[in-house]
Amino acid sequence: MSIWEYANPKKFMQTSAWLLPWAVGLTVLCLGIGLIWGFFFTPDDYKQGATVKIIYIHVPAAMMAINVWVMMLVTSLIWIVRRHHVSALAAKAAAPIGLTFTLIALVTGAFWGQPMWGTWWAWDPRLTSFLVLCLFYLGYIALWQAVENPDTAADLTGVLCVVGSVFAMLSRYAVNFWNQGLHQGASLSMDAKENVSDVFWLPLLICIAGFVLLFIALVLMRTRTEIRTRRAQALMARERLA
Amino acid sequence: MMPDLGKYAFAVLASYGATVVLLAALVALSFWQRARAKRLLDEVEARAGKTDG
Amino acid sequence: MIALLIRDLRLAFRTGGGFGLGLAFFLLVAVLVPLGVGPEGGTLGKIAPGILWVGALLACLLSLDRIFALDFEDGSLDLLATSPLPMEGAVAVKSLAHWLVTGLPLTLAAPALGILLNLPPAGYGWLVLSLALGTPALSVIGTFGAALTVGLKRGGLLLSLLVLPLYVPTLIFGAEVVKRGAAGMEVATPLALLAAITAGAAGLLPFASAAAIRVNLR
Amino acid sequence: MEMVVTDLAVARGGLVVLEGVGFTLRPGQALVLRGPNGIGKTTLLRTLAGLQPPVAGRASVPAESLAYSSHADGLKATLTAAENLVFWASVYGTGTVEAALAGMNLLSLRDRRAANLSAGQKRRLGLARLLVTGRPIWVLDEPTVSLDTASVALFAGVVRAHLAAGGAALIATHIDLGLDEAEILDLSPFRAAPGAFAHGPDRGFAEAFG
Amino acid sequence: MIALLIRDLRLAFRTGGGFGLGLAFFLLVAVLVPLGVGPEGGTLGKIAPGILWVGALLACLLSLDRIFALDFEDGSLDLLATSPLPMEGAVAVKSLAHWLVTGLPLTLAAPALGILLNLPPAGYGWLVLSLALGTPALSVIGTFGAALTVGLKRGGLLLSLLVLPLYVPTLIFGAEVVKRGAAGMEVATPLALLAAITAGAAGLLPFASAAAIRVNLR
Amino acid sequence: MEMVVTDLAVARGGLVVLEGVGFTLRPGQALVLRGPNGIGKTTLLRTLAGLQPPVAGRASVPAESLAYSSHADGLKATLTAAENLVFWASVYGTGTVEAALAGMNLLSLRDRRAANLSAGQKRRLGLARLLVTGRPIWVLDEPTVSLDTASVALFAGVVRAHLAAGGAALIATHIDLGLDEAEILDLSPFRAAPGAFAHGPDRGFAEAFG
């Protein structure tokens, strides 16, 4: 049995029905442990004080905001190359989740920036590229909603996603070139200890896992919704004909 | 129980609050859409079942 | 292909949507911003490179929906799609026509508007060069956005939303060239990147645009 | 130069409208498509013209041989009648437009802008485009809309000349063209059954729930 | 009349051209300007009032051609003109619908964009107030421009060219209110003038617009 | 409720196309306008509908009594068939749209967006609008374009019912509507002579140059 079996809507509905409760359970578990640990049982940072607690939301949300777009790129490509409907619908289902994560990263960043940098917003490269990412999500969602025929919409948004990815990377580079920023460097790099100390490290990892699981749970559920809607549309079309 | 957040209470609580609001909105939207899709599909399938078995 | 180019240019002139109007809009932005911002020369001079580039970008943007919309509405696009012209070629020609009608005159007129905005003297050459290198990318990317939204009957706004994030790198490098040029710094890197974007976009995007149009005509 | 259509199914808006359509169009032959409003004539013609993919079956159209004319005329309002035709003539790489103008009785209107033509005059100009394509197979969607009786007869003459020169024509229409030699294909029997859905673009979704 | 308002609002939502997109464009201007101008907070804060007003104006401008163009193309405008609705009323309703779909959401969203542009805190209240008073004038004046150009088949540019000079006073007073407000100066005079422009435009221009439409339909 | 047209001259693009047109349209009467393409039928109807001023002569149309239908249908693609009609019903202050939908055989399409209708279905919807205007005098420009035979007969029935209820109809058309009781007015004799220019909209100009 090939992996493409799961691209069959029926198979997908079966598998996801089985998978979804597990994903939800694990999400609640991880997010619960991670956030409670982080919020209540970690010390303040010597430099940043209590604001360091924001890291447990900010960093996972920021990472996922990017990863969701990558996932949409992959599923879009699968749709363009192999034309599996579920793949296109999964991309459609993921976009609002990605947008929400982007907004969370932006908002928590803004609340963090106020005490740390003395401003809600600065045209820092990383912040700017997130704003651009937010625009990409908005445009992508708007295009899905603008096109009536679902296959046409899938094709157009697929092309937009591929082209958009290239330009998103370009803007990231451009923005770096344009302004040296205030923002923290990557802290989860090879040598973790250099950036974030041990006490913050483990709860952060758990929170990241929690956000990944949250995404999986939501995307499964939303893809199921999209499949149902699509099937209802198909049946209604058939009804009209009869 | 509540950790002392000091002068950063607003920033931290607002961040957590905003996150909860945004996630709750997304989850609510997802459930609402799910309910709507289910209702629609059930209706349509009931009708389809009647007309052509 | 040449026939299509000539037709598009002729249509642009006949409908009065040609040179004059793209320019006029650019001019109006250059006039409105000082009106809104206030007349101090120092501030204006500092923001001039950015505003001129943003103005050029918006002038481009406003005329994008006409690249395909009119042809779609009156059925010519269907007929073009069934004609011996390859769709990729037709799309590329339409980008070119759009640039000739919008980007080129903007480039030529930019120095005059630089004066309105107190652009420092060292910046003029770079302004023209950067617009000459960058506006073709604006036309090509805009054509892609227009291809995605053709037939969607919703005016320019969805198109703007889709296209503007794609314009970000061009805008940044373009404005950066002028800013650095005006300040006497070296400009080779942003200039090279600007040229690379234009070349890449012109080489690859017509294929994506043609695909989008075919999908939209289905 | 034969167009062979076998067992074709076409869809509009994700919905199969016609299935099992089959016919052969040979040089010198005219085929008139008939059927009530909404049966799918436009959809079928667009599929044959290559604007949309068929759902099933095959339409083998010789490459570079087809000229399509749709409900809309594709005229540019600001160009004159002659300029409109010259554009299409050079797209199709054919020569002069004089014959086409004369053929559709447009010589007196040649320098009039398309915007200033009446509904029927526009239509005549739209049909003149066919003459400059130089293509042998004409696929026409309700070509005589808005034409008066004299113009319909003129058009019938043009089609007849095209057939005599070895061309072929596939015409969807509701009114009588006076082309007595044309065969008639009524599309009503090919109306897709609701079950056609199972082979349609939504096959995956039909299976999804068994 | 209410039927027309409901229809126009419904069309705006259905075609997706409603709240979301007008806003999106405003957001895009607020994003692009810093990208072009550069990231220094001080400069940005100084030009923020002007840029926000210019952005609102352009967002309005972009959607103007849809006020009548679609109705003209599909023949509804002919049918409306022969209906029992007085043309003046129809025009006024269309301005109102345009404002509800464009001006109102812009006004509500403006403070968020103020943050992006480092608007000084004292300016926020005045920004909202000036937009609330000024954007109706933009819609009414824009409707007049759209009425003049309906049926001319030349996209938004001619329209922009006609309308922008008419927008100048509104822009100047609006931006002035915010600038003075942000600097803690008194704002009564520009505010009163802004209100006067809106009241005058809303009271008189619909007659001119209706006349223009009747001429254009001839 | 009588429409009286006397010695009317109408112009298009600054050029007089018809002159001396006169007729009376009484309740219960249908008048079919005929004439070759470009003679000026559309221009005449637009003038009667009040969209453009006549060059000379008078058209006395009772106030608030006329419903005009043009070449275009004035449908909003994103609204459903029913929503399109409801809008016009409330503009004209008439009540329900059910009768109109039933009358033009559109009940099964009532919740379909206008964009997803075929050419003929759109036209039927455009004609249904006449039924919700509640106006006695219908002025119709080529109403049956794109309609199949069954729909043309349906439309003829609708017009007949309108006449029986005391309405009147002025119809420009090229094809036979099957309305045998209708009078026919051929416009060819009223084609404006080139000299008509001297009395046309440019009269002042003509005089200025002698």
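Note that the chains are named A, B, C, D, E and F in the order they appear, and that numbering of residues resets to 1 at the start of each chain.
The rule is short, and it goes like this: a contact is a pair of C-beta atoms (placed from the backbone, for glycine too) under 8 Å apart; a residue touches a chain by one contact, two chains touch by 3 or more.
As the structure is a computational prediction, the values presented were derived from the model and not from experiment.
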## Note on the structure
Contacts shared by chain B with chain D include exactly A
### Message
Farthest chain from chain C, going by mean C-alpha coordinates, please.
### Response
F
### Task
Compare the two sides of the chain D and chain F interface and say whether they are made mostly of the same residue numbers, over half shared, or of different ones.
same
## Note on the structure
The pair of chains with the most residue-pair contacts is C-E
### Summary
Looking at Cα centroids only, farthest away from chain E lies chain D
### Message
Measuring centre to centre with CA averages, how many angstrom lie between chain D and chain E?
### Response
45
#### Entry: chain A and chain C, separation of their C-alpha mean positions in angstrom
32
### Task
With chain centres taken as the means of their Cα atoms, state the distance from chain C to chain D in Å.
37
### Task
Would you please write down the residue numbers of chain B that are in contact with two or more other chains?
45, 52
### Multi-partner residues of chain C (at least 2 other chains)
15, 73, 153-154, 158, 161, 164, 168, 172, 218
### Multi-partner residues of chain F (at least 2 other chains)
71, 77-78
### Task
Could you please specify the touching residues of chain E with respect to chain C in the complex?
15-17, 21-22, 24-25, 28-29, 31-33, 35-38, 43, 46-47, 49-51, 53-54, 57-58, 62-63, 65-66, 70, 73, 152-158, 160-161, 164-165, 167-168, 171-172, 175, 179
### Contact footprint of chain C on chain D as seen in their complex
46, 49-53, 64, 66-79, 83, 87-88, 90-93, 129
### Query
In their complex, what parts of chain A are in touch with chain C?
132, 135-136, 138-139, 142-143, 146-147, 149, 152, 155-156, 159-160, 162-164, 167-168, 170-171, 173-175, 177-178
#### Entry: Interface residues, chain E side, partner chain A - complex
15-16, 20-21, 24, 27-28, 31, 34-35, 38-39, 41, 44, 115-116, 118
### Query
Where on chain A does chain E make contact in their complex?
110, 119-124, 128, 131-132, 135, 138, 142, 145-146, 175, 178-179
